[in-house]
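Read from first to last, the chains carry the letters A, B, C, D and E; within each, the first residue is number 1.
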Amino acid sequence: MTIQWLLPVALATPLVALLTALCSRLRPWLPNLLWLLPLPALVAAVLALHGIPLAFTLSGLSFALDQPGAMLLAAAALLWSLAGLAVPAVLDQPSATRLSLWWLPTLAGSLAVFGAADLLSFYLAYAIVGMSSWGLIGHADHIQARHAAGGYLIFALSGELCVLMACVLLAAPLSAQTGLSFDAVTAALPSSPWRHAAVGLLMLGLGIKIGLVPLHSWMPLAYSAAPPVAAAVIAGAASKAGIIGLIRLLPIAEGLMSTWGLMLAVLGLVTAFYGLLIGVKQRQPAAVLAYSSISQLGLTASLLGVGLMSAEPLSRAAAVFYAAHHLLVKGVLFLALALIMVSGARWRVLLGVTLLGLSLAGLPLTAGFLAKLGLKPILGDGTIGLLASLAAAGTTLLMLHFVRRLAATQPVSPTVLAPQAWLALGLLSLAALIVPWLLVPLSLGQPMRLALGLPVDQIPIWNVPWSLTRWIEFWQQLISAPGLGKALWQVLWPLLFGGLIALALWLPPLPPGDVLLLVERLGLRIVCRIGEQIQRLEHHLRAWPVAGLALLGLVLLFAVMLMG
Amino acid sequence: MTLTLFADLGLLIILLGLAIITAFARPAFVAVAAYMAYGLVMALAWVRLAAVDVALTEAAIGSGLTGMLLLGAVAWNQRQTEAHPRRRQIRLQVPATHPLLIIVVAAVCAGVSAVLAWVVVTLPEPPTLQVEQVRLALPATGLGNPVTGVLLAFRAIDTLLESVVLVFALVGVWSLADDAAWGGRPRSLRLVQHSHALTLLGQLLPPFGVLMGLYLFWAGADAPGGAFQGGTLLAAMWVLALSAGLAKVPAVSNRQLRLLISIGSLLFLAIGLAGWAGGVGFLGYPAGWSKALILIIEATLTLSIAVTLGMLVAGRPHRALPR
Amino acid sequence: MTELAVFGGKQLVVLALIMPLLGALLAFTIGGRTARWIALLTALVELVVVVSLAWIVVDQQIVVEYQLGGWEPPLGVRLRADGATVLVLLTATVVMTATMISAHADWQPLPDQHETRAGLVFWTLLPALWAAFNTVLLSQDLFNLFVALEILTFCAVPLVCLNGKAETFAAALRYLLFALLGSVLYLLGAGLIYGLWGTLDIGLLALEISKLNRYPPALSLALGLMTAGLMAKTAIVPLHLWLPPAHAGAPAPVSAILSAVVVKAAFVVLLRLWFELMPGSADTMVAQTQGVLGGLAIVLGGVLALRQSRLKPMIAYSTIAQMGYLFLVFPLAGAASAWGAGLLHLCSHALAKAALFLAAGQIITHFGDDRIDHLAGLGHVMPLTLLAFGVAGFSLMGLPPTGGFVAKWWLLQAAIETGHWGWAVPILFGGLLTAGYVFRVLAVALRPAATPALAASTVPHTANAMILLLALSSLLLGLAALGTGLPPQ
Amino acid sequence: MVASTWFGLGAALIIGLSLFQVIINPEPLRKVLAFNLLGSAVFVLFGVLARRGGGRIDGVAFADPVPQALIITGLVVAFAATVLAVALVLRLLQAECATQDHDTECRIDD
Amino acid sequence: MLFTDLYTYSLVGLGALFFCTGTIGLLRFPDSLSRLHALTKADNLGLGLVVIGLLPQTHWPLGAMKLIAVWLLAVLASTTVGQMVGEAIRRGVPFR
């Protein structure tokens, strides 16, 4: 198949671009090319989703795109490309070039981590992403940036060391002929003597990456210090490396994983609520977003934990979809923050941001709603389900708080942004709304059918190629599902509950007789204006030709009416 | 048969031409002149439509008096605009300059006349109900001319109201006088320049005109004619005499003038009430007496119509009577 | 007993028609100082005649018919007085008599003068207008109605510009020309109807039309022309250009009669056209259009009344709004109470509106200023007039127990009965707007005067008495209607 | 097509013309003139209806007398309307002339 | 009968001819006075010829008397109007 060359090209282009940075004359052009580099990866991911197997091995490192990897790669490539489009508009020339120097390796690592097919390539990509993110975080030259970058470095390094040890322990029972592929690793893990140590170290390392509670403190500092456009890609794509690691390396094995799964679930939920509680108190919008990321990643981790506990393969698919959706939405929020910090808040942008923020919490008709619908059967209706709903309510509160803070940010000297920045934001938010809808049948097909009480067809979910006809037919079934109303309400009530709390907290102080005063001040002006319009209309009506015309018009009208 | 049709079509074309000139001619004087010609040709059209009574009325009132009134008004308006050129024209409304409005109005008017034409063409077979009834009931009134019969016997209330309309129109015209001028003589008939020819006409024509008027009134019982046509002719002669300066317009507060004006209606009312008291019903005539009563009514009506029309054309009172 | 009543009714119908006509002619012929007394005498005689006629018709439940000159309808003209006509006749008589008595002192000639222009014109044209109104109510012949409507206009126009102010001439001319345009269209319609069946009597025409299942083009054009022509004379919204300047510019007694009586004449003919000529026409599209125009009039009239700065233009626009209510009767004709509601609203509005205009007249002459914002202290200076103004305003607004309230209540009942809920909206919103502009005046008037209190100038007692009588009779009308319980059929 | 129907069509056309003039022409005198034209056209329609109702007795054509009576009454009423309208227009012109320049004597008939 | 019809045709035709000349004069003559001259002379003569031509057609003597009366009146009216318009023109009233 001649197309096989696509994957290596996709993964290699950022590195090749990095080489061009050596020649000083080309370097200033680099920021303008940033949006072009992730596109081959995007094409590769789309083809993979359509069922074309893409894989290659390069001296021991093998890369292949399966279903979850392709989905996350597609979303990440989209985010990297549109964020890259905004970089030259948001940052002026010297800092944009400097940023793109660190931008390219992170991009390469982030794309590669989704495509990694064996332990070694996974760890390589994971390390590249970890290390190069440090450059992005420390980009700004003020003290907080340096302080945050330092903190991040400590956490990232320790995290990677733990992952390295875990990889070594995982690779130990393997021999040369079985290779280091994930299937081999997960197959060998339950029987290996160091299984508990490996899983523990793995959870510790990846936990730092996705910011589980005791290990999360670097994330708020990093995201608020980093330039928001960089924070968008780190929070969006880079942090998903941890998620894909948990999915790939932790096997669905009875017995062994039940205790670790329970721990992961509990830790995930604690992180979720911790992120919400602290996030509501933050004043900086970037910090609010950071804590929101912590909370969402915590929720995904708990989803995986529950899956591991009940050995439910569906939870992986749901987690992938949830991560992809979070990736896109978080990207939009950070990008919007970046643009607003430069050009000032505009109500149209705020409206869009609110809409997307609430989609995280499960606003009906948005992708978040689908995600929540998919989670329902997995988390069940027990305590964990209730907690998940409360988390959704908390997310609504947090998002409204973010929007309030965002509206309050006023740049010292608002400059007009280049149109391409707004184009980038527009395209990204469009993608955040539409792409998840396309991906749903693949990942959340079974859990949604379960939630709506439809018969679950038994075809395995992983290697089902994406096709338009199956997509349409899936949705037709779903619309006519009997349980739709009940499911809708189950997703909706947390949203409303969160909105209510937000109103209670932040409603501006109203004088007594509130509505009347409002109506009076507002209503009176409107009524007077309407009165003037009516008077002018009546003045025209009383002109002789108009009255004569009306008279003859009535004659004809009545004649025709009686005749008909 | 086709010859008379051609004559009628010719007449119609002349009528349409004059109507178009009346409606769309720019100078008002031309429009009024065209309207007077239109009135006269319309009288011919009435003869063709076998309505001779109406032809007489149309010629006398429709084009004669109305034409004279409008001509006087237009002439005065032109004199005023020449005397005070910078004064802005009197506009009853903001002139409709917006082309769209004009087009829409034209379309709607065309629509109305089109529907009307369609209706006229598709009228069903005309009922002869009324014609028969009038023919049967006419001998009871002793009249020969069915139109006078309808006017003064069957629909007498209309004629009574009509005579009253003239009186109240006169009161309306007089009400437009200045308060100081109340009781004075109307002056709008006084000619700007004394003309000998007019004096000659004023002396020669009125006797003949009065004779014709009385003949018309008398013939009205059995042939086309009647109170209104005769009265109008008498009024015309009186106006001719007034404008030729041979007679003086009576003062508004003149008691005899008032009586002359309202005598027609009052007598008509009195005879109606007599019928009401006499058990024949209001405006009903006792069996043998109807022709005589009708002639009395017609006589007084002719007289008061002549006076009223004359005063109407004379206009509103001006200088107060020197006390 | 009944045939005596019928005979008496016939004679009274003729008298009701003839007396004002005779009065007008005599007042014109004799003139001078006696014109006023002739007119007042006619008014009193007419009052007696109409009251007795009303008593006969309503009490004996009979319908009086009278062939003029003894000729049967296709030839002669027929007069008819049924329950509804007599009620309207009675209201008109009360309004005319009260207005004449309250205006008896106006335009009096000075001791040395024999006669004044305005005096003669007023005392001649008012009874003439009255005679024309009676003819419009009683006559059953389409052409006779045309002539009566024309006389009504010819008498009303000179009265509009009685005071000789420049702007009233333009208003009078516009009123005359638009009314003429309306009546020419009406005449054309009547002609076409004559062309179809050879008769102009409403009774015979109703027979002919009931035989039809589909309206021939000539009849639909004729009815379209007649309806639009009459709507031009009732000043419904798109055709109301002449009413505000005419009614506001005219002297107070004249505008009282114009708003209370003259505008209603064309409406009565419209009612007769649509209910006697074509019973069961409530569901046609035309009735719905009339309803819509009525609703529009209520809203537009109300809003513009609110926005006027002077008293009389405000009351003039309120006339347009209240006429809108009457037009709501057409779409609701299916219900039994709609006819009674329309009638009651017509009468109570006539009484209340006459009181409002007469009160406004007194305010202008004795308080000196009719700008609404400058009316502070009116309550102190002219308490009785303001009280009458208030009571009349309440009747317009539709506060219980006034006539206006009962009319609106029956209209709402009709709306519910026929299931057309939509019509309730303009009815209620109209009431709100009316309350708006009445209370606006009362609020200002009851405020203590900023300048030192003006001397309580002496408003002639007869005028005050008449205004109060009109306002209270609008109130009593409501009580009487409540008394009967069910709306008259 | 009988001759009277042609007159009916002509009358319908004149009605259209005169209605247009009545509505569009701003000058009051021209409006009154258009009204007269309109009135006479309406009466022609009456005449056409009368002629259709009539017939021909031993060679002499006759028309239905009732519409003729209506037309005569209508003509007189139309004349009264014209007189009142013209008087109002002249009084309006004089009042307008008085308001515009008080000095010249705006007598209506000199 | 042929003779009377022939007589009427010829005279009425001649009268119509005079009317045509009068109208052509009205249109072609330069100033108002000459137009006035054409109108009053030609038209009156034309009318006279038409009246004489129609005499045999009407009922003798009343109808004939009426026709002649019509002609005399027309002559009287046109002379008076001619005089007045002439005076007006002489006084310089601009006639459009």
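Here, a contact is a pair of C-beta atoms (placed from the backbone, for glycine too) under 8 Å apart; a residue touches a chain by one contact, two chains touch by 3 or more.
Everything numeric in this text was worked out from a predicted model, so none of it was measured.
Asker: Can you list every chain in contact with both chain A and chain D?
Answerer: B, C
Asker: Quick one: point me to the chain whose Cα centre is farthest from that of chain A.
Answerer: When every chain centre is compared against chain A, the largest gap points to E.
Asker: Per the definition at the top, count C-beta pairs in contact and tell me whether A-B or B-C has more.
Answerer: Higher C-beta contact count between the two pairs: B-C.
Asker: Of the chains present, which has its C-alpha mean closest to the combined C-alpha mean?
Answerer: Answer by centroid distance: C.
Asker: Could you grab the centroid distance between chain B and chain E? Build each centroid from C-alpha atoms only and quote it in angstrom.
Answerer: 27
Asker: Quick one: chain A and chain C, Cα centre-to-centre, how many Å?
Answerer: Whole-Å distance between the two chain centres: 74.
Asker: How many angstrom lie between the CA centroids of chain B and chain D, rounded to a whole number?
Answerer: That gives a centre separation of 11 Å.
Asker: Hey, what residues on chain D touch two or more of the other chains?
Answerer: Correct list: 15, 19, 22-24, 26, 28, 31-32, 45, 49, 52-53, 64, 66, 70, 73, 77, 80-81, 84, 88-89, 91-92, 96.
Asker: Listing for chain A: what residues touch at least two other chains?
Answerer: 543-546, 548-549, 552, 555-556, 559
Asker: Every pair of chains that touch: which are they?
Answerer: Touch list across chains, by label: A-B, A-C, A-D, B-C, B-D, B-E, C-D.
Asker: Can you list the chain D residues touching chain A in their complex?
Answerer: Result: residues 19, 22-24, 26 of chain D touch chain A.
Asker: Along chain D, where are the residues that touch chain B in the complex?
Answerer: Those in contact with chain B are residues 3-21, 23-24, 26-34, 36-37, 40-41, 43-45, 47-55, 61-66, 68-73, 75-77, 79-84, 86-93, 96-97, 100-101, 104, 106-109.
Asker: Quick check on the complex: what are the chain A residues that touch chain D?
Answerer: 544-545, 548-549, 552
Asker: Quick check on the complex: what are the chain C residues that touch chain A?
Answerer: Result: residues 174, 178, 181-182, 185, 215, 217, 219-221, 223-225, 227-228, 231-232, 237-241, 244, 284-286, 289, 300, 303-304, 306-307 of chain C touch chain A.
Asker: Touching residues of chain C toward chain D in the complex: what are they?
Answerer: Residues of chain C touching chain D: 143, 146-147, 150, 154, 157-158, 161, 166, 169-170, 172-173, 176-177, 180-181, 184, 187-188, 191-192, 194-195, 198.
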